[in-house]
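Per-chain numbering from 1; labels A, B and C assigned in written order.
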């Protein structure tokens, strides 16, 4: 007994799913996302590998192998950079999607709960107060400091979120606001103490760039990203339920406290890693999940894997743009992501047939 | 069986529930009635394990309710609270799919969900974004979700369904439709507990009425025994007149 | 408590992971981040990339400016340097950008970076000559000789150093004859609390070289100055770069500095504005800049 009035009104409503053949062709399963997205990602990677300030001679790469100059540029500079930008893009986008789901807030972002600012504070401390640390830990001293800063912030957020029992989402957000403010003040004070050169190191570090991509950073970031994406895909059904409300999710058999704990930990880990290897790159975590929700689906079972792939693709493209547009110099990639993402996002929100549902 | 014995709930100095003795059996449609602030929601929360700070005992299938792991509990009982919105543009079908148990043994969960939507008369809305649905449509989608939760569980009967004012956003047609469905489900062996405000609906469909007044149990039993002029007057302070329904013979409350 | 176990486990494992990672790096990247300074060239390089304004100036002063095919954004003198390919700001270089110019040698002032990019360049054995920061004129002479040697311009570099040394001697003699040291304050940034140059800054070195007294020498590095401190320091001269002064609308704008109108410099309208690279670059024009500054101070 289907109500006729519903059928009538249905035609007036806008369906936020892009009802185009492409979506119908790919069924809703994650498998098709992986295959379709994987192919596009591979093509984008190949495109990005072929672009760059240095004019790569492919025949020379083929003839001299990896030990020739061109081969080494491809293997030691371009390939790690492409892979690093892909995994950082995926990590940021997936963390954004998961945190937006967790906080049931479309404006949530890895920066919101203070992980990024914790990392920045830690780096500022090392640069200004303990310059000896970088001497001890070598090239990756700042990355390590960022990572530890991010992890410590995460523990702090947990302690605060736990103070009144349970993991109150509102309290986590407020804790994030407080941590952001405190870290901001501390960094400001350190800037005052810093010398001119320290200040410039800090500024350039925090602008975000994949310029220093090297293999160990690639392994670490890719590893953490893969673990975190795999876990979040596994938990995507539970993330969906969380949107009904925490109590409802519990009635449905989801251990919400455990889920929140794990999501916060994994996003802290992957965002900490991303910040450690590339500095602060904003906008990606916020925009990518929105793009997918506006253009396709909000279901986390689709949103998480497709955010990972789209994040990787867009980050590779942004970095390719950043390193070729003013070649032989390069732009900070954070500027590029904001410049490209901002207007596109606005267009999506205000396009004539936008559902405005999110 | 769900047994409550001497259950009391105090928030600060305020007594929300006082020494409630009650049992819910499979195959029964029980309806909790009472004026605002009588403790209906608190009682429901005690029954579903959402309110843990109670004194007394709540035995669910012979085990203290607090001891039940939430995952096992979700296979035995579904809950439909008063509705909150969903932030993101999930489709109605996706919302219903949230009800599917993780270790469901159903072959095609999609068909199960579409079927549940169809039963609630909202199959045509399956691919519409939930935030765009009307209140009544949302309510029916959520009820379908609760059905799916129980239907996809591999654990046997008895199962329980708890609903907090499920008819509040429904029009007359759908109110009756829902109550009929609940009655059918109860006949099939489900235990259903429902908080309602509508005395007529309660009187027509309830197997058991639970009357609450200021945290105290005023009475448990058949509609014809409990819905008396004196009781209604005492609960709602409204002068009324009770007549028998012409076809079912159940009580009907007329206002003077 | 319930949360502690997973948090601690993750945190500890993350730490272990990170430290193993750091040590593994030290092993694999045993080469230091500091590039080699002693490079031997069989042939005279014809494709040169120069990082740092002073470095580029030296190359042009030695007459090999036509071989500079790329430079950073701080290299804007002489004018021909601006026409070379720009590889970005000296502290934000791109490995591939530098490599794309296929340089036979890269001259880089201390502070070029970031360190990771330098180590990438080093891994690809890019010929790299690192020049220490010029904290004394002797280091400037050393840098000139180093560049001259690599570019096979020993004679030119010897001549240039000799000329500079002569100018240095003359300047020092002239300063000895001065009976007073003018009190100078270098202001870098004019908005908000002005940033002034304390000890261990290029501005401090230049002020002393020109025979002046840096009134802000009590502080270290560039620091913001309050209006009251400005009155207290009571400089006779305010020194600034063109870029800094332009931001506030030239010398008139500088009268608006907090507390400035109570100083001797304001009363006498003693404001000196000079080009940043010329004044603070510590390249081959350093002595010329010092002389020019001194001539301002003594109204010659």
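In this section, a contact is a pair of C-beta atoms (placed from the backbone, for glycine too) under 8 Å apart; a residue touches a chain by one contact, two chains touch by 3 or more.
Going by UniProt, the chains are A = Iron ABC transporter permease; B = Heme ABC transporter ATP-binding protein; C = ABC transporter substrate-binding protein.
Since the structure is predicted, the reported quantities are computational estimates derived from the model, not experimental observations.
> Chain by chain, through touching neighbours only, how many steps does the shortest route from chain B to chain C take?
Minimum number of steps from chain B to chain C: 2.
> Write down the pair of chains with the top C-beta contact pair count.
If you count contacting C-beta pairs, the leading pair is A-C.
> Which chain would you call central, comparing Cα centres to the global Cα centre?
A
> So how far apart, in whole Å, are chain B and chain C when each is placed at the average of its C-alpha atoms?
Distance between chain centres: 76 Å.
> Using mean CA coordinates as chain centres, what's the gap between chain A and chain C in Å?
Result: the chain centres lie 36 Å from each other.
> Take the average of all CA coordinates in chain A, do the same for chain B, and state the distance between these two points in whole angstrom.
Those two chain centres are 42 Å apart.
> What residues of chain C sit close enough to touch chain A in their complex?
Checking each residue of chain C against chain A gives 1-3, 6-7, 10-11, 14-15, 17-19, 21-22, 24-26, 28-29, 33, 70, 73, 85-89, 91-101, 111, 113-117, 119-120, 123-124, 200-201, 220-222, 224.
> Any idea which chain B residues touch chain A in the complex?
48, 50, 70-71, 73-75, 77-79, 81, 84, 86-91, 94-95, 97-102, 118, 121-125, 127-129, 131-132, 137, 149, 177
> Could you pull out which chain A residues touch chain C in their complex?
So the residues of chain A touching chain C come out as 52-55, 69, 72-73, 76-78, 137-141, 144, 147-148, 151, 154-155, 158, 162, 192, 194-197, 200-201, 204-205, 209, 211-214, 216, 220, 257, 261-262, 265, 269, 272, 323, 326-330, 332.
> Would you tell me which residues of chain A are touching chain B in their complex?
1-3, 6-7, 10, 13-17, 100-101, 104-106, 237, 240-241, 243-245, 247-248, 250-255, 293, 297-299, 355, 357-358
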